[in-house]
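Below are the structure tokens for one structure; questions will follow.
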Amino acid sequence: MALVNRSRRGRLPGWVALVWLSPALVLIAGVVIYPAIELVKAALGEYSITGLRTGSAGLSNFRKVLDHPDLGTVLKNTAEWVVAVVAITIVISLGLAQLLSKEFFGRRVVRWAIIVPWAASLVITARLFTLLFDFYHGLINRLLVFLHILPRPVDFLGDDHWTMPSMILVGVFVSLPFTIYVLLAGLSAISDDVLEAARIDGAGPWQLYRQITLPLLRPALLIASVLNIIYVFNSFPIVYTLNDRNPGYAHDTSITFMYKLAFKSAEHSVGMSAAAGVFNVLLILVVVMIYLRVVSWQEAVR
Amino acid sequence: MALRKTALLSGITAAVLGLAACGGGTGSGSNNNNSSGSKQVSSIKLVAAEYSADHTKAFWDQFAATYKQKYGITLDVQIISWNDIAQQSTTMVQNGNPPDVLNINYYSSYAKDNLLYSADDVLPASVQSDLLDSFKTSGTFNGKLYGFPDLSSARALFYNKTLFSRAGISAPPKTWDEFEADAKKVQALGNGVVGYAEPLGPEEAQAEFSIWTFNNGGDWKDASGKWTVNSDKNIQTLQFLKKLSVTDKVTQNNPGKTNRTDGAFPLFTGGKAGMIVGFGPLSGTLDKDKKVDYGIAPMPTNGGIAPQTYGVTDYLNAFKKNGNQQALKDFYELYYQPDQVNTFIKAEGFLPVTKSGLDVFKSEPALKVYIDTLPNVHLTPNQDPVWDKVLLAVQQQIGAAVAPSGDPKKVLDALQKTAEAGG
Amino acid sequence: MTLLSGARADAAAAVPVAAPRPAGWRRARRFVLPLAGFSVALVFLAPYLVMLLDALRPSSDVLASPPTLFPRQWQWNTFGTVLSDDRFLNWLKTSLLVAASSTAIVLVVSVPAAYATARFKFPGRTPFLLLVLVTQMFSPTSLVVGIYREFFEADLVNTYLAIILTNAAFNLAFAVWILHGFFSSIPVEVEEAADLDGCSRLGTLWRIMLPLTKPGLVTAVVFTFIAAWNEYVVALTLMQDDAKKPLTVGINSYVTGYSQHWDQLFAASLVAIVPVVILFAVIEKYLVGGLTAGSVK
């Protein structure tokens, strides 16, 4: 079946389109738009430590967030976290999706195994890795020392040099299944005829991949990367749980920073936290817009 | 085939929505916010923190059943883990929907916001006179008692008898010098053993620091109510804790980033730590595992003062809502019945909060160390709403002081500033 | 110029002789691929195998130092204890109900929306697609306060309906985007053929289009189910009765600052993984195949 074509679109009066879209619109309005408005309202309020609203704060919450001494660290961490996890995940997923698209004995079982990190709750996986990374009772240290890769145990979660890499490892680990799955769906849409034809014309495997497969994977790659950027940016359990023992904000990303502002810091202010939440949304919105522009999404999606 | 799938899907959706809508039941208890003030509520809500999977829910379920039977009012119980209760309670208050009773670890900020009933409103006189004086004082804000304790715990020095005898230590240390020497001896045993497990991570850093500094004559505030976070005694304490880790190297790795639950406690319960500051629930774990031969002793002191016991209580805050005053009175009357409150305390492995409770627990030999000192227990300044914020600041900042590059004086100075600025 | 002709042109410009596959590759392939596959599977499963071993030892051994891979002392009754715990069974039932219902609603809502955006041009089409994406950008942690208020006003706190609707709304974006992609890639000729045969647009959608987008539907189902199954913050805030908590919230009870049952925590978590893997195993075969058949012919 030819994958590439022009799908002609009919013109539709607005109200008919509304009928097709209305259930989605209602759900989104209810569960996202209304709370988003509440978020902005909260950001404009002054709150006591108990959560009681004590008046209007104007824009002071926003100012306080921008003036926060740890904001720079948090933003830097966020950038490292998102870029590293998404990039590494996509690269590994491309390879693994390729592997899993080939027929081989036991492929089914392998595909089931891949789903497990995604099937398990993030909170539990994060807690498990907190145990695995520990200095004293962590198996990772035990294994690496046993294999003489490390001379002595490393404080993966407490040592400032190792905390971010540890977080990234877990982030990649839990993002791989979903990404592989999306790319597999994309790969399955590429018919063998196209590949066979190119091969007959003399294309080597690498040429095949770069000039046929990758371009045809563009829609899937787009979905995978955009959604990954958003999900990794908003990912809370991994960063929070792995940093449970770390005081301050040294390794927090903007999402855990927002949470701690509300409930764990001396500020304990839901107003400031809401302001940080608004900034978060704006930040990810800008990042995604730029990303989409850069990969010229209009073309790929048509 | 597609049509069948459609039909099936629609059928499932319809069935599910129908089920969910009628099976769910309404949310917050009805009649909670009546405009006619004199009408009494028919149900109240308790948000209880979960101390343990085995006991907390079981206790409150039977309590609710008894309460309903006795007073005819429904008690809706929501159990929330300690990790989440800060977020949940704040969200409830933020939305103008606090529970009627909130079990949480602070009260004075709620009292300051005028959200709570005082003891005069909801606590029977017999209960008021039965509460231990130290807790009454600690629970009094602006001259009124708002902080009703649900249970208490006291901390003491736990030591591993086996490691002590191997290291040639005959008795637990009484002074800081003895403590340091003992820790060094245990550390010298090697094989992954640490002399003292020191948790100064964010979980309960204020507890670890408090107990040490109280036994050095330091405190968070002085008698006049002025903040003394960066007093000389406090700085000396923090320097001592840093010395143990950085210079003497008798603690576990990175104490500023170690919590109790998954860091310090497992070392002690696994027999890998010579000493630790412990409390009731730790005894419970040790007794269950039967792996460690342990002893409990008063904390070592510095400067020849008498040992101070550091105590902690959590609270059952009574929220003002229309028509719930009588129901709350009934609640506290029932809760502080000896067969209720002490049953709860015993099951969870904590200490009593009433004088009558002291009598009940006096007969337990294992608790002698605590019971004797409980009436004079030393608490953190919970009656000051500013402390609620300082506590959080301490948890987030004090761990940095015991790192190799840490500066105890600087950290405490910063905390002092936070305290003086009102949090 | 379509991509296909572009590829052909490129290929034609290359060496005219067909590049032969290395002779041994076909034979080695039969062994190398399964080996690679199983190694990958092992890496993905390794932490959860550790979790399994942790469930089969006393809680005190989980955090013992130094750690051992295999239990110092085996404990075989953990799964039995957890599975006979009424609290756990209630949490499991809730999770199943919520995840299944949310998935059903997402399908019912996203299919028409994705079809409309793929096939029709109408004012607000692009904004709608972007809106759907933007809604994903709000972290549930930010939204939970507003969600709580909303359901509180509607007296729907502590109802299954509330978290089912919430989960459905949160996962719409992905479903719409991926179905949009699949609907777009089906040639118009297919629909035109059906139209000529007298099928209504709705009929075409159900009978012809949907089967062709099976991989997309399956992906949306798996994605939504898992997302709803593992959702935490909103369920924590809205579900107040212990029996109505889903597994993610409920299993927190096993480990507290005062009482730790790591063995039960991990046993419960492993049981929680099973329904998802079963669902996946059942519908995974629909992911591949179906599309490569010549539907245009």
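Order of writing sets the chain letters: A, B and C. Residues in each chain are counted from 1.
Following the convention adopted for this analysis, a residue touches a chain if its C-beta (ideal position, glycine included) is under 8 Å from a C-beta of that chain, and two chains touch if they have at least 3 such contacts.
Computed from a predicted model, the values in this text were never measured in an experiment.
Peer 1: If every chain is reduced to the average of its C-alpha atoms, which one ends up farthest from chain B?
Peer 2: Result for max centroid distance from chain B is chain C.
Peer 1: Whose Cα centre is nearest the centre of all Cα atoms in view?
Peer 2: A
Peer 1: Round to the nearest whole Å and give the separation of the Cα centres of chain A and chain C.
Peer 2: Centre separation, chain A to chain C: 14 Å.
Peer 1: Can you check how far apart chain A and chain B are, centre to centre, with Cα atoms defining each centre and the answer in Å?
Peer 2: About 36 Å separates the centre of chain A from that of chain B.
Peer 1: Based only on mean CA positions, could you tell me how far chain B sits from chain C in angstrom?
Peer 2: So the centre of chain B lies 39 Å away from the centre of chain C.
Peer 1: Among the residues of chain B, which are close enough to touch at least two other chains?
Peer 2: 91, 94, 192, 203, 262, 266-267, 270, 272
Peer 1: Pull out every residue in chain C that's touching 2 or more other chains.
Peer 2: Touching at least two other chains: 63-66, 105, 108, 144-145, 149.
Peer 1: Using the touch definition from the top, which residues of chain A touch two or more other chains?
Peer 2: 42, 131, 134, 136-137, 259, 270
Peer 1: Which bits of chain B are touching chain C when the two form their complex?
Peer 2: Where chain B meets chain C, its residues are 1-3, 5-6, 9-10, 12-13, 16-17, 19-21, 23-28, 50-55, 57, 76-84, 88, 91, 94-95, 97, 192, 203-204, 260-262, 266-267, 269-270, 272, 281, 284-285, 289, 291, 348-349.
Peer 1: Chain A touches which residues of chain B in the complex?
Peer 2: Spelled out, the residues of chain B in touch with chain A are 86-87, 89-94, 109-110, 112-113, 115, 192, 201-203, 205, 252-254, 256-259, 262-263, 266-267, 270, 272, 385, 388-390, 392-393, 395-400, 418, 423.
Peer 1: In the complex formed with chain A, which residues of chain C make contact?
Peer 2: Result: residues 2-4, 7-8, 10-12, 14-19, 29-30, 33-34, 36-38, 40-42, 44-45, 47-48, 50-51, 54, 62-67, 69, 105, 108-110, 112-113, 115-125, 128, 131-147, 149-150, 165-166, 168-170, 172-174, 176-178, 180-182, 184-188, 215-216, 219, 222-223, 226, 229-230, 232-233, 247-248, 251, 262, 265-266, 269, 272-273, 276-277, 280-281, 284, 287-289, 291-296 of chain C touch chain A.
Peer 1: Which residues, counting only chain C, touch chain B once they are in their complex?
Peer 2: 58, 60, 63-66, 87, 97, 100-101, 104-105, 107-108, 144-145, 148-149, 151-152, 155-162, 164, 206-207, 210-211, 236-237, 240-242, 244, 252-261, 264
Peer 1: Report the residues of chain A in contact with chain B in the complex, numbered from low to high.
Peer 2: Answer in residue numbers: 42, 47-54, 130-131, 134-137, 155, 157-159, 244-248, 259, 262-268, 270.
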